[in-house]
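Labels run A, B, C and D following the written order; every chain starts at residue 1.
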Amino acid sequence: MNALLNYVREVIGGTWSLATGMGVTMRYMFKPVTTVQYPRQRLPLPAAFRGPIELVRLEGGDHRCVACGECFRTCPSGVIKVQGHKSVAASRNQGRFYFIDFARCSLCGLCVEVCPEGALRFSRDYEQCGLSSLVGVQDLMAKLKEEHP
Amino acid sequence: MSADFCQRLGRRLGQRLGAAALGQADYRRQGYHLRLELAPDHLRELAAMMAEEGCYLEYITAVDRGGHLELAYVFGRHQEACRLLALAAVPKGQGVLSIAGVFPAADWQEREVFDMLGQRFIGHPNLKRILLPEDADFHPLLRDFQAGPELGGDEMEI
Amino acid sequence: MHRQALTEDTFYLNLGPQHPSTHGVLRLLLRLDGERIVECQPILGYSHRGHEHMAQNRTYLQFMPNPCRMDYLSGLMYNHAYCLALERACGLEVPARAEHLRVICAELNRISSHLLWFGAYLMDLGAFTPFLYAFDDREDILAILGLATGSRLTYSYCRFGGVRDDVGQDFLEGIRAFIPKMRARLKDYDTLVTRNVIFVNRTQGVGVISPELARAHALTGPCLRASGVGYDIRKAEPYGLYPELDFDIPVRAGGDCLDRYLVRVLEIEQSLRIIEQAMARLPGGPVKATGVPQFITPPPGLYHTSYETARGHLGIFLAADGTRVPYRLKFRVPSFGNLGILPKLLPGTLVADTIAILGSMDVVMPEIDR
Amino acid sequence: MAWLSNIPATVWEGLRAFLGPLALTMIVGLLLTLGWVQVNALFLVWLERKVAGHIQLRIGPKEVGPFGLLQTLVDGVKLLGKELITPAPVSWPLFVLSPILVFAPVLVSFVVIPFGPGTQIRDLNVGLMLIFAFGGLGVLAILMGGWASNNKYALLGAIRSVAQNVAYEIPLLLSAMSVVIMAGSLSFQAIVQAQEGLWYVFCQPVAALLYLVGATAETNRAPFDIPEAESELVAGFHTEYSGMRFALFFLAEYTNMFIVASVATALFFGGWRGPFWPGPWWFLLKVYLLIFVVIWVRWTFPRLRFDQLMNFAWKYMIPIAVLNLMVTAVVLKIVR
């Protein structure tokens, strides 16, 4: 008798748990959609967004890089190469090439942190793709000039 | 309470395995309470004692010290904070007794040490590479190992 | 495996490395008798990247991005643990605000890790919908952590002696909005999943681990606590802010898949409690210690640091030789121990149970393979 | 046959003279069925994805056509263009035959589906029997496909499928039998006629529930989808199938859903009965509502384990179904 009672309780309890579960999904069905339809809608990037790096642009399209080499010595992946030259007019070294391979960059941001001149910052560009790994190799100085001729 | 157990364990280890090699460690800085240096022959005895005391094997690792490997066995305890670091210096190429029979957890740990540093464990049920491919012919964590370009390594400035 | 053991009644099945339920690239070589498992041999290493070898070729700071990439689900905790290891070895003090932020972020990370596990586990059991609910909640956490760290998965937020940046008001408000929402969601999960008769039948009494077996196999984290052992590094060897906070360690005695599930769900609640407390007492002040050398150099010696990640006891073993490069850095990862019990646990169960048990261990393969 | 009256009279007369009325109905019915199967599957897949999407706080298909209605069509075209891969170690006659065999019986079942009063290809006096008989063939095809694939996952899926179908056809038949006893006929027209005053779902609620559960299992739908449990068996019996062969399995699954829902509608929900609208509309509405419930269930529950599934059939469903049948018989004997 007891076993039969348990059997009935089991059947009813089980059915009830299933019914309440279905209630939850039915409720969610009428909740607003939470997905973002990506190419049409975009989420705002956080202010701290750690994207691929770029040079801070100064007035007149200039930059602050002095080619001290702190960034390429710190880079864990060794993907940065910087070259500078001492111009006659300016009293200090100035960066001329800033090559970085974004295909191998892990976006750790250590280069931005160690830069003593504050010449680097994170860009807001997160749509980085290309057909070969070579498109990742970019000269940030040239890019700076291209974008702000 | 933690200190009690540690002291008692320290005394027992000292009696059984040689008091001279046993030292207290600075837990706040070093993260373990007891440090024991012992001969490789005593490892299985140590493991049996730790199993008896109800400790668990946190991990086994090894450090390449040039001529010899420094095997490190770390034991912890659930009930109170008491961590033992047992060190055994083993000349390269010499096997040590496996403790996989005492602590099943040592099975994979020993395989990893073998894989990474080439230390052989005698009596291990299934001593073969665990993380690297079975046909690899190197032990990457030995100090004289250099990752060549075929493994994606290149020179770095430090 | 042994060829001669292959009789007509049994056959081998390669579960993985490409299989929907192996969570990364794990290969289980199963010997089956019908659907019943006779023998199981896990084969690892498909995502071995050599982090420990990399450590020997980098300065301590350069290695900073790597720990996040071992266990990508609790990246912030790995990052925290790595900083903790170096701070202890060098005797660095961390400002109070930074300690609070670290704990808040680490607990958020723990919730997000448990949520992902929750969703993936239910998907293993064939229910797809809770997966997306969990991802909806997890998305909130990732957005909040993104505000503080600038990243969504590999946070790399902690620095030796502090954290990278201070947080803004939007971060704190995001958390304040998130906590009640998560609590409401937990109720829905309870109705939809925890009480569901099919779910209970799938998990109850499946893959039972006794406390003795758990100790012998060095299980840690929720897997151990589901077996009735209340071992949590946050209580056993408290670090950071944890000694000052009031929270419980959920422990269940059954040791089966259902208990492992429950422990994690209860831990989400406890993490919410921790975050609330830390938020309430968040002090002002700097977030980075001053006077941290650029090249951090721990004195020669052997160091160990324990940390409780979402999966269990993470141990960092450091052999320092007084240079700016680690001489040997070893990570004792929790999943390694947790997965090691599988060959013991699986024989005698069904293929469906294999998935349920493997899922309940919450292994992250890149963490094991390193 | 009133519903064919729109066909131009000359064509109609000529064809009828040539073929005879019965054969003509069959041919037109077959063509309509073939068309209907495609449209129905397209709609059901869309419905499934849309419902699943909204349950999961997403949108579901939205890009192709209004509300993404044509998404399935595009997917179908994509599948048509895909290579039919036949792995070398398969037993190819069976491998190729299986998707055809799984689809054919489903098609045959349409013969007796009662869309409206008289709107039926043939009103057989053993209509219900025909559906169950041909429904039983599907599992044979699945076993063939799984076994011929020479893949362990496929084999496991096929084994599971056979065991599951054997177990679940019993409660399915038993619960349908309760209705047959009440209506006194196996013909769908007669069964629907018998529900003049009261739908059988109110006289036979237990049988209706058992039928729906059994039908879900019979069509391998979650939570009974263990033959193709993707988190365990990758894709179960159709692991090795690609392109149109895979699409045929897919098509058969959704058409099967339609058929079991139609049978449920006819047996328990008054068939085409309903106010204001013509019969077929009511019939389709009821069928799609039932299918919606099946979809809703799929996106709510975890999957049962294989042995629990069998336990559930043998320990709960079959005893209850037998009990229900006996009670029905006794009550009818007393009442009549």
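Basically, contacts are C-beta pairs under 8 Å (C-beta built on N, C-alpha and C of every residue); 3 or more make two chains touch, one makes a residue touch a chain.
Nothing here was measured: the structure is a model prediction, and the numbers come from that model.
Common neighbours of chain A and chain D under the contact rule above are C. Centroid distances built from C-alpha atoms place D farthest away from chain A. Counting C-beta pairs in contact, the chain pair with the highest total is B-C.
Mean C-alpha position of chain A lies 39 Å from that of chain B. Separating the CA-averaged centres of chain C and chain D is a span of 45 Å.
Averaged C-alpha coordinates give centres for chain A and chain C that are 23 Å from one another.
Across the assembly, chain C contributes residues 58, 62, 129, 133, 136, 192-193, 196, 198 that each touch 2 or more other chains. Residue positions of chain B touching 2 or more other chains: 156. Touching two or more other chains at once are residues 55-58, 299-301 of chain D.
Here chain C touches chain B in the complex through residues 44-45, 48, 50, 52-53, 56-59, 62, 85, 88-89, 91, 215-218, 224, 229, 231, 236-237, 301-306, 313, 315, 317, 319, 324-325, 327-328, 330, 332, 336-337, 340-341, 344, 369-370, going by the rule given at the top.
Contact residues of chain C toward chain D in the complex are 11, 13, 19-21, 34-35, 122-129, 132-133, 136, 192-193, 196, 198-199, 201-202, 350-356. Residues 28-32, 35, 54, 56-59, 61, 63-64, 70, 72, 74, 76, 78, 80-81, 83, 85, 87, 103-105, 107-109, 112, 116, 129-133, 140-141, 143, 145, 147, 151, 156, 158 of chain B are the ones touching chain C in the complex. On the chain D side of its complex with chain A, the touching residues are 51, 54-59, 62, 296-297, 299-301, 316. Those residues of chain D whose C-beta lies close enough to touch chain C in the complex are 52, 55-58, 152-153, 156, 159-160, 222-223, 225-226, 229-234, 299-308.
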